[in-house]
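Once you've had a glance at the structure underneath, I'll fire off some questions.
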Amino acid sequence: MMISRRAKIGKNVQIGHYTVIEEGVEIGNNVEIGNHVVITEGTIIGDHVVIKESSILGQLPTSNKNMSKKPSEKINGLKIGNHVTIGSNSVLYHGSTISNGVLIGDLASVRECVKIGENSIVGRNVIVENDTVIGKNVTIQTSSYVTAQMIVEDNVFIGPCFSSSNDKYMGEGNDSLQGPILRSGSKIGNNASLLPGVTIGQKAVVGAGAVVTKDVQAHDTVVGNPANSI
Amino acid sequence: MMISRRAKIGKNVQIGHYTVIEEGVEIGNNVEIGNHVVITEGTIIGDHVVIKESSILGQLPTSNKNMSKKPSEKINGLKIGNHVTIGSNSVLYHGSTISNGVLIGDLASVRECVKIGENSIVGRNVIVENDTVIGKNVTIQTSSYVTAQMIVEDNVFIGPCFSSSNDKYMGEGNDSLQGPILRSGSKIGNNASLLPGVTIGQKAVVGAGAVVTKDVQAHDTVVGNPANSI
Amino acid sequence: MMISRRAKIGKNVQIGHYTVIEEGVEIGNNVEIGNHVVITEGTIIGDHVVIKESSILGQLPTSNKNMSKKPSEKINGLKIGNHVTIGSNSVLYHGSTISNGVLIGDLASVRECVKIGENSIVGRNVIVENDTVIGKNVTIQTSSYVTAQMIVEDNVFIGPCFSSSNDKYMGEGNDSLQGPILRSGSKIGNNASLLPGVTIGQKAVVGAGAVVTKDVQAHDTVVGNPANSI
């Protein structure tokens, strides 16, 4: 272990082998941290948190010259609430808030400036891009892709392999990125695709494999490519 | 290396730097283990096995309060046969059996209580969920998603980015999860989606991008959204 | 750190904890290397490169008895240009060339004998298979799958969750693998699927969720399943 003397570590904290904890990290009580974990400066972790092997907490964004979004220089620390579980080989960025009771699966990644509400599930191999807001009691199943600037309200269910996008000009760089909006209680089937900026209404259902090109009304069900009401 | 003195390790076993092997692990002869690997208590590994960098063998399941499936307290150890290769950054759970000659790709994950038959291939970035049974000589290509409670018989071929699901009520919690059944010799094209509980008959073919909403007869070929015979 | 005395390391190189650098590795000046990284023999890294946590550089291919492609015994080293960034938990193989200014996301994998042109972006969780050639200023967004023997020309834009394939006989083993060809400036929407060997013409556009079964002419736009001109 390589634990900074300036990290604040609570009571009854177990730390695995070869784990690196930088200075300025704050860890609550009754926390289990696996082997080969990295926790960087500015990460704040609550009580009763489980952090599995080889996960990386508090990564900073990068870019290259072809990326429209340049990382902000003022990204705040990563905040992890109580009773959170973080899976193995996951990568979480600074500036995000993971609320109490959240479960993040193995091999998942949550980018900067994301908010995830209480008791939500971010499945195995799921990617949540920057600046997205996810409500409470949301389920995002395995290998789904949640794009940037997306809004996912409370009690939404997203099946596996969901795909979303936020750039209708596909890289032409006019900066008007807008992810889809999933209103509360909506349900999305596996491998459905949402185009940039579409809104899925309250308690609406999107069928598996549907390609949603326009807004879906509350309580409606759509299927097909392009998706239409059934 | 951090190797428990109570681990049983065979002849001609190479172990990389910073690898952690817990007590009660059993490793056969002529095994190569990379750097930063974690092997937990109860994992049993055969002969001529290759385990690449940063892989995690023998993880235990977790849950949060919104998950329908709670981890069993009686998960048995992870069993890995002879001549198996496990890719880098992969995560394998306890209670699963990986038969002789299997290849598991980098960044893949195999959850608890899965059986994988001889000489099958679980590709790079593939996820196999809990309680699924995979036969012999099966190929599951890169980034495919194999849901829980699924049956994949011998000689099935699954192209890349395949998606499956097992919960037709999308999280309403009535506990009747049923993954698809892929009969022997069936073939699934890339990015096809299978709805919960559908059966793909013997030697049937599902085209790329097809969305399969009902059973497919043996030897039939289906394409489209929804998928129909051609 | 476990750094071979026979590695050549430039000026102003920062190396994280528990990182392994094998003999014969060459690293330029002003390079940052994270914690838990593995860099194997034969890897050559330029100047101003950033390598994030737990990434693996210079992996060798493997196979099992059911794989049509056996790894060549003469794979050359991995070459990484200047001003390249490599994300966390990524896996890069030997025999590939990553040009100046490339960004590779977290949890991505680039297999053997791939070429990636200057300033291109290989997103988070993207897989690029062996022997594929990617041009300059290409963007491949998150969780996309770029199959083997594929050609991606300059200035191509690929949205998230793209899927491609190269084996129209699905594992029957006649060895005529051919990935799609994406001509310069073409754009592919999120979760589109390309069948083996199709060509997407110059500046053509493939809509989100489209399933492309035949060639698309230059400047044409296609949508649907199967994809047709709009």
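A, B and C are the chain letters, set down in written order, and residue numbers restart from 1 in every chain.
Convention: a residue touches a chain if its C-beta (ideal position, glycine included) is under 8 Å from a C-beta of that chain, and two chains touch if they have at least 3 such contacts.
This is a predicted model, so every value here is computed, not measured.
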{"item": "When chain A is superposed on chain C by its C-alpha atoms, the rotation angle in degrees, nearest 5", "value": "120"}
{"item": "Copy pair chain B, chain C: interface residue numbering same or different (half cut)", "value": "different"}
{"item": "Geometric centre distance via CA averages, chain C-chain B, whole Å", "value": "24"}
{"item": "Of all residues in chain C, the ones touching two or more other chains", "value": "18, 36, 54, 89, 107, 125, 143, 161, 191, 211, 225"}
{"item": "Footprint of chain A on chain B - complex, ascending", "value": "2, 18, 20, 36, 38, 54, 56, 59, 62-67, 89, 91, 107, 109, 125, 127, 129, 143, 145, 147, 161, 163-165, 167, 170-171, 191, 193, 195, 211, 213, 225-226"}
{"item": "Of all residues in chain A, those that touch chain B in their complex", "value": "16-18, 34-36, 50, 52-54, 83, 85, 87-89, 101-103, 106-107, 119-121, 124-125, 137, 139, 141-143, 157, 159-161, 187, 189-191, 205, 207-211, 223-225"}
